[in-house]
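Scroll down for the structure; my scribbles are underneath it.
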Amino acid sequence: MAAKAAKIRPIGDRVLVKPVDAQEVKKGGIIIPDTAKEKPSEGEVVAIGTGKLNDKGEKIPFVVKVGDRVLHSKYGGTEVKLDDQDYLIMREEDILGIIG
Amino acid sequence: MAAKAAKIRPIGDRVLVKPVDAQEVKKGGIIIPDTAKEKPSEGEVVAIGTGKLNDKGEKIPFVVKVGDRVLHSKYGGTEVKLDDQDYLIMREEDILGIIG
Amino acid sequence: MAAKAAKIRPIGDRVLVKPVDAQEVKKGGIIIPDTAKEKPSEGEVVAIGTGKLNDKGEKIPFVVKVGDRVLHSKYGGTEVKLDDQDYLIMREEDILGIIG
Amino acid sequence: MAAKAAKIRPIGDRVLVKPVDAQEVKKGGIIIPDTAKEKPSEGEVVAIGTGKLNDKGEKIPFVVKVGDRVLHSKYGGTEVKLDDQDYLIMREEDILGIIG
Amino acid sequence: MAAKAAKIRPIGDRVLVKPVDAQEVKKGGIIIPDTAKEKPSEGEVVAIGTGKLNDKGEKIPFVVKVGDRVLHSKYGGTEVKLDDQDYLIMREEDILGIIG
Amino acid sequence: MAAKAAKIRPIGDRVLVKPVDAQEVKKGGIIIPDTAKEKPSEGEVVAIGTGKLNDKGEKIPFVVKVGDRVLHSKYGGTEVKLDDQDYLIMREEDILGIIG
Amino acid sequence: MAAKAAKIRPIGDRVLVKPVDAQEVKKGGIIIPDTAKEKPSEGEVVAIGTGKLNDKGEKIPFVVKVGDRVLHSKYGGTEVKLDDQDYLIMREEDILGIIG
């Protein structure tokens, strides 16, 4: 999935995040009731933006990197759908923390 | 179409985007139901702005270029109609990512 | 008309724009139904402002020039009436693009 | 009138403007119907402010000068009454253009 | 009155203003109807603030001084009562002009 | 009381203020009706913040100091309760003036 | 608990705060009525952010450190749940003061 998502290069200080809190299915096919609803803002960074420039024209490095599991603002970002998978494009600013 | 759209030079950090998600018609004339409604914010960059200046009077380069397929904010930009074709003039800031 | 409009010197980064999309009358006096309503934000730049200063006190050059046909934000600018002709004074910022 | 208005020194980047579009009376006492209502934002600059400082502490020069006939934003400025005459104190920023 | 008001040192770019437009009483005790209602925003500067610092840490000088009769925004400032006299603490920014 | 309040170190440009206008009780236990209601925004500075940094990383000095009697914006600050005493933590910006 | 919370690294100038004012249970199992409701904004800093950069690209040091008991704005921060424990991720800016 991350490979496919890499088809989008976010602009500027944005990152592409794949939500991980929905439709988790246990091995063997039994659907686990979505207890994850209490923390709906978890995701995995699948693409990093082209970079934001500071006043001197230098790129500001990202704090997060591809593969990071992150907590992000519930209302941050814009939903995009790629190959029937929902993603969020958000500013790194909207990411609250890195898990793990 | 892109050739005609090039008749507009966007000002500053704006770009001209031609929407690609509406009224797609299959060869042979059968209208395909608009399943694209889930991602209504896709377009093709058909013209780049005159450039935005930083505090030192230097032009800030654009990240997108003509021909780029982009995802943009659903509510970003202003609609303009040229030769019966709708376009959007928006700030590069309103472009979320480049596809492909 | 442009000559008369030149009687106003816009302040700072403003420009004076004469709308071109209304009351177009064909030669011979037949009124053409206003099909231009779909692109109501077209105009001609008839005067350039006194210039905006940057932080160093230097004037920032205008991108548009007198005679340019422009697309501008439908809600940008302030209407002024001179010799029974409506004009718009708007910031160059409110101009979206140059046509042609 | 301008002489009396000079009793107020506007602070900073403000100017004092005397409206010219109301209660125009023709010689001989016949009141001319107020056709000026369509351009209610015309005035004459009667006093210039103490000046606005830039970041370096230098005064930014005014573009308008006393005696200039100006167009200004209908809702800009604050009304003040001096010797039964209404004036407007507004920022130079609220002046749209100089007439003439 | 000004002497008592001097008991307050306004912070930063604030000034202390004593309103002069209310309860004017003629010698001999006859109360003059408050015709001053039309210009309710007149006052006398009775104390100057501790000063505002610019980005370099230098104090920005005040334009007004103690004793100045000023016009100020009707809604600017905060009312304070000292020894049964109302005063206004406002930013110098809220003062529109100096009278006289 | 001030000693106890000193248990809180305000962050940045904040100060800790102890209100002085409520529940004043005369010696002998007779409660004085709260005539202070007209100036409810008086307090005593009981702790100074850790300091605010300017753009160069230098600390901006406070204008107020511990022990100062101050007037502050009625709606500024956040109430905190320590040992059954109410305090306000507010930015120095919200302090209007120093009394005395 | 703090050890577990350390599994989250807040981004930028954010800190992770564990609330301390709820569900305090006395030894022996008797639930103490929540008298702490009057000061609901108390917490313990359990993780410090990756740091905020100033305009020169230098990290701005944090004022608070892990283990600090803090007062914070009641409405600041975003709730996150980790291992059945609620935490708040907030900007250091939202912390009002350090207790003790």
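The letters A, B, C, D, E, F and G name the chains in turn, as written, and every chain counts its residues from 1.
Methods note: a contact is a pair of C-beta atoms (placed from the backbone, for glycine too) under 8 Å apart; a residue touches a chain by one contact, two chains touch by 3 or more.
The structure displayed is predicted, hence computed values, not measured ones.
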Any chain that touches chain D and chain C
none
Steps needed, at minimum, to go from chain E to chain G via contacts
2
When chain E touches chain F, do the two copies use mostly the same residue numbers, with over half shared, or different ones?
different
Using Cα averages as centroids, what's the distance between chain A and chain D in whole Å?
55
Mind checking the centre-to-centre distance between chain A and chain B? Centres are C-alpha means, answer in whole Å.
24
In chain E, the residues touching two or more other chains are 55
Name the chains in ring order, counting from chain B in the direction that reaches chain C next.
B, C, D, E, F, G, A
Interface residues, chain A side, partner chain B - complex
7-12, 14, 16, 47, 49-50, 53, 55, 57, 78, 80-82, 89
Counting only contacts in the complex, chain F reaches chain E at residues 38-39, 41, 54-55, 58, 60, 63-64, 71, 73-74, 92-93, 95-100
